[in-house]
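You will see subunit A twice below: alongside subunit B first, and alongside subunit C after that.
On to the complex of A and B.
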């Protein structure tokens, strides 16, 4: 190891970019809070006290999937397998129609790679949502899905994206990145888009004017080297296109999938991975503490470990819950505001493209509120000498 | 061992003095208002240094909930802050315990970096029932059918190891 935390602190203070070795050092550093506070400093320098969230709604239309990823508890390989389901277009649109009294600003759709649907299903899906609510932002289909569409319907990435864009696609979610390094990727998800193909889809989307997100699934068979390598590949594409808005580390959950014998990553790993992401990805503006993967409580702590976004209301998540997530399936708007405020931050409701919808006043001082709660808590604390 | 980064941050916030006042309760209490103003991560770092020096890296795990219990409706950060303050203002060598049944094992693990050194709570199976002494875990042909308590203890040991700590299971007191 050629670097130390002290040297990393100096580099960060000087605004220098961190190296692969620096990333490894940060993962191995025993002082968790030192890494966390450094990431927090960088995050506050970029975003001050502001933490973003949005009113979004997740829909998973089908769990029929030709890929057999080891970490997935959601997919059913055959259309007629027990538990397999595919929504009709009317059922999908109905999800939004029933929420028009308090509508989301974004619909986030992720699906299995279904081999039996026509491409027009996806085009009509998007245009139908836009008919119901013309200003809704459609953040749909991971790069893995886009690549599957290209192969399955014999189109190029660009043709797929242009046709979907014409039908109403606004942005791509970050899913499907898993771990880019082939040593891991070929073992956990050998039969879907490679790292290069995933990145090529995002490169094309960025060229067509879309802003997208990206992710990293950590805490299974990968090593710290694989995680840092993954971050550096994201950073390299971002240097080229500047099209990524957010990086979202996703914790592996083991229930009911091909890696069920592995333990899930612990909270300390979740927090450290957020912090290292913030420090390594100096060119990605937003680091998201995805509360579904790390529970709302740990996501809240993550807001002081380098994260400046906590995702949104979500409403009904099924992919992580199939893998044993203990988080609720959705959070109410007010609950998100409270989580952020209690972290000493200012909640900012955003749209998909990080335009401000509503900025909450910092006047209800959360630190002060916390102190009152601390005093109350002290009464419940007994310390044994 | 305190990293240079933490030392600098504590020094800048005027909190290094707390470390020299650990045996001087009166003067330490006199600093309370100043300490309570500090950012939560600094309090955590300070509490963690005190914990490492005074009680070391060993974490006691007890099924008996007779150690410190924290109000369960505290969210993540407020809870961690209260653990840090408890460590900073407790007598030297005090045991600061966290009930992982109340706050969840995830937050309990993080609390170990904010000054806590004991976990308490019943070990339960996935359905939430207390594990019986003779209950066996593991399914499938190759399963060794170990007692479930042993499996849970291993899980807990791994969680603590991931936080850089060693574990000592103690019987109910």
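On to the complex of A and C.
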């Protein structure tokens, strides 16, 4: 452990906020375990042994997209390009209808920026899901999509969000943040919402009463300074609105995209980035080890490196898999419970807004010996810092 | 319920168990090491065990009252030679009792101020070992018979008492805490009292069995063996534990008496600090770490041990190829999806023509060895292996890391040869080292459940011991996550450590969890990456005498393998060739080695290739 890390340990113990330079130190510190254990302490102080997951279902309706992000292996620019696909509303709803015997609590929708669909497509999409399952939580459309809707349909951010909210939108996923700093953003995704526009959409959503997530795509051409800068921009908006629930670092995967010559970040970088996120983002309640991006194995270790959420069942992820992710496309509920338990944590099923649905007993294997405690009565328990 | 008792079958133990109430106890007799194994592996409830075994376990209590010891000469634990100790260069150790072996090391190094070379040999061979510059430790009944045949005899108990002024305790009744209630304890004490009254008749019976005169043996039981186990004997035992832990031969141990006042439990931090500094851990210590230490406690301690053993920030790896020469096998292990029974349509034996391109690829890619393993195929005789090895050496000059203990035992049985003879012949044909596969968990209860037809843990260790004695090196492994308990895994590690004390032949340790595959019939038990990292870190802490720990990326994936470099590993295993990769080997190899080095570098280490002896081949990059 270096002296500068020693100072950071003191600051963290005193509850002081870390600076930009501290963030750089945390990335450069040779002792990964020192950074990880510090993040783990902060995480345990905030959440004890609890690790959240949910029953969610990802749907990607269209891969047609007007943006040309270098890191993306999913989008097809033209509607008629080979492999381009857009679901009908009925096809989308069918995904939920076929799972009503064991339904998800959340639907997470992320799409390409499709230039040829009417706005009503999205409104009907939302209201249709709510018709099938009125209490389903719709966490749909990244800030980049919201901004695209505003420009494309000549509406303000607020108008877009209000209309979608009326149709059933509950929350925004955190995608599209990439790296905020213009030195990077202009190079990897020059033709979509800027950092300010992205943050403005979330600011507006928070003002309208929505709680949202945010992300950071790391491990490509950005430097540690860009990562820390990114975190500080999140922290600043959070100071203003307190509307972010979770921060989700996303590892860049290189297969089949415009940066395919870059090596993917390795596991030690994944773990360190989780840890630094936990330490820098003192005002964001949850840090998520997104198992799709970092593999279930490393996500499990991430639960000791600052993360207290592991995302959900997902069911059928396609964006990361287009970029060569080796993770499964979905995990069964029991697999998530087991993954969390094996890390020595207490699995807590949550809804989108971190209300507790069900808290599992902490004991490890065997599964059968573990009793389930139903915590529906306690739905309003918010585990904030 | 009947308590299961195990006791040492030597003459000196007879008075303690001869009159044991057989309605309250079932009794089994065995050699000391076997008695200790039974207690360790829960095959008995209370046992008269060598005290060193109790120290290695660390989670047993002693029953007060009676034990087997001596104050002054005992007559049955001797170092014998035909010359003074001062000129002896090598001493053979009878491996059936670890206590005497540790006592011998302590006494000899106290007397000489140096260590001679210690050679592990079974009792029968130890006696034959004595010659010019060579002495032997002999114990138990063989010692009583052999005592007058040598010009120089050191009675180790006498030497101990002379050195410390205290009695010595060789074996004592021990049990897991809480197993022996007051009534059982009383019955054991009563049996001892009655047995001691009958020492003369016991000696008579023994002498009659062996056709020997009674008098010396009656005197041995009456005068030499001290059966008391009170405060003074306990003090002597504590001194032995202290000396042995100082010499790093045994874990630090407190003599804990059943039903006695609770002893202070060692704080976790103190166990961790001891481990970091290279101190020895008992099975009980290992379990404390397993159950109480956080992931970071284990990571930091194991990382510190790695740094102490390997001060340079370098991670090694090897370029080799895994060649499975046959899939025909007679054992049908429940966890194996690879084997085919004899006569099965999918059974194969690789021909030279099939082997040649594989080996040529290794050579072209700069590889230095092959890992050659296969099933137990009854059609392949020792000559087949000799020819194959000689051919590989002559044609390709590759190192041969070949044939697990199971395969070597199979050849020995099939050919009616001793394990040593098989190893000597294979070594002559080109064998360089023995892979540590097939160890699984070296606890027979576990082995019987997952691989009934496979060798016992003692047989596995026996082959490794013989190989090491011939100058061959080997790796050692652990496959957990079937029906094994946490304690089984600790026992496994201690068995490896005990053998390493004897031979120093293990180069590296690798562990992995049971890989559930289709076609196997065992349900996986505990698993997960966190557990893997904990298990590897604990192994690094327990195996204080093994130089290297490797990250098993082949089973855990390259990501976890990389993280494991911060959990005690200093080696990244091997860049293996994919059997089904059609593209030119050069390309595949460079990609793989580069990816491996890339991961090593990103984890903060330099990378260097090694050979099977873990010697660097070049400078780290």
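Quick note on the criterion: the second predicted complex is superposed on the first by the 359 of 385 C-alpha atoms of A that agree within 3 Å, B and C clash if a C-alpha of one lies under 4 Å from a C-alpha of the other, contacts with A are read in each partner's own complex, and residues count from 1 in each chain.
Just so we're on the same page, contacts are C-beta pairs under 8 Å (C-beta built on N, C-alpha and C of every residue); 3 or more make two chains touch, one makes a residue touch a chain.
What you see is a predicted model; the values in this text were computed from it and never measured.
Q: Once chain A of both complexes is superposed, is A:9 in touch with subunit B (first), subunit C (second), both, or neither?
A: Touch partner of A:9: subunit B, not subunit C.
Q: Classify the contacts of A:263 with the two partner chains as first (subunit B alone), second (subunit C alone), both, or neither.
A: After superposition on chain A, A:263 lies in contact with both partners, subunit B and subunit C.
Q: One more residue to check, A:83. First (subunit B), second (subunit C), both or neither?
A: Touch status of A:83: no partner.
Q: Looking at A:36, would you say it contacts subunit B, subunit C, both, or neither? Reply first, second, both or neither.
A: both
Q: Of subunit B and subunit C, which one touches more of subunit A's residues?
A: Greater contact footprint in residues on subunit A: B.
Q: Let me test your reading of the model: by the given contact rule, A:301 touches which partner, first (subunit B), second (subunit C), both or neither?
A: both
Q: Residues of subunit A that sit at the subunit B interface in one complex and at the subunit C interface in the other, please.
A: On subunit A, the overlap between the subunit B and subunit C contacts is residues 30, 32-33, 36-37, 40, 263, 266-271, 294-295, 297-298, 300-301, 304, 338-339, 342-344.
Q: Residues of subunit A touching subunit C in their complex?
A: Within the complex, subunit A touches subunit C at residues 30, 32-33, 36-37, 40, 263, 266-271, 294-295, 297-298, 300-301, 303-304, 338-339, 342-344, 364-365.
Q: Taking the complex as given, what residues does subunit B use to touch subunit A?
A: 2-6, 9, 36, 40-42, 44-45, 48, 67-71, 74-82, 85-86, 90-91, 93-97, 103-104, 106-107, 109-110, 113-114, 155, 158-159, 162-164
Q: Can you check the complex and tell me which residues of subunit C touch subunit A?
A: The contact residues of subunit C facing subunit A are 295-296, 299-300, 303, 525-531, 533, 556-560, 562-563, 566, 598-599, 602-604.
Q: Under the definition above, what is the set of subunit A residues touching subunit B in their complex?
A: Spelled out, the residues of subunit A in touch with subunit B are 5-6, 9, 29-34, 36-38, 40, 263, 265-271, 294-295, 297-298, 300-301, 304, 338-339, 342-344, 370-371, 373-374, 376-378, 380-385.
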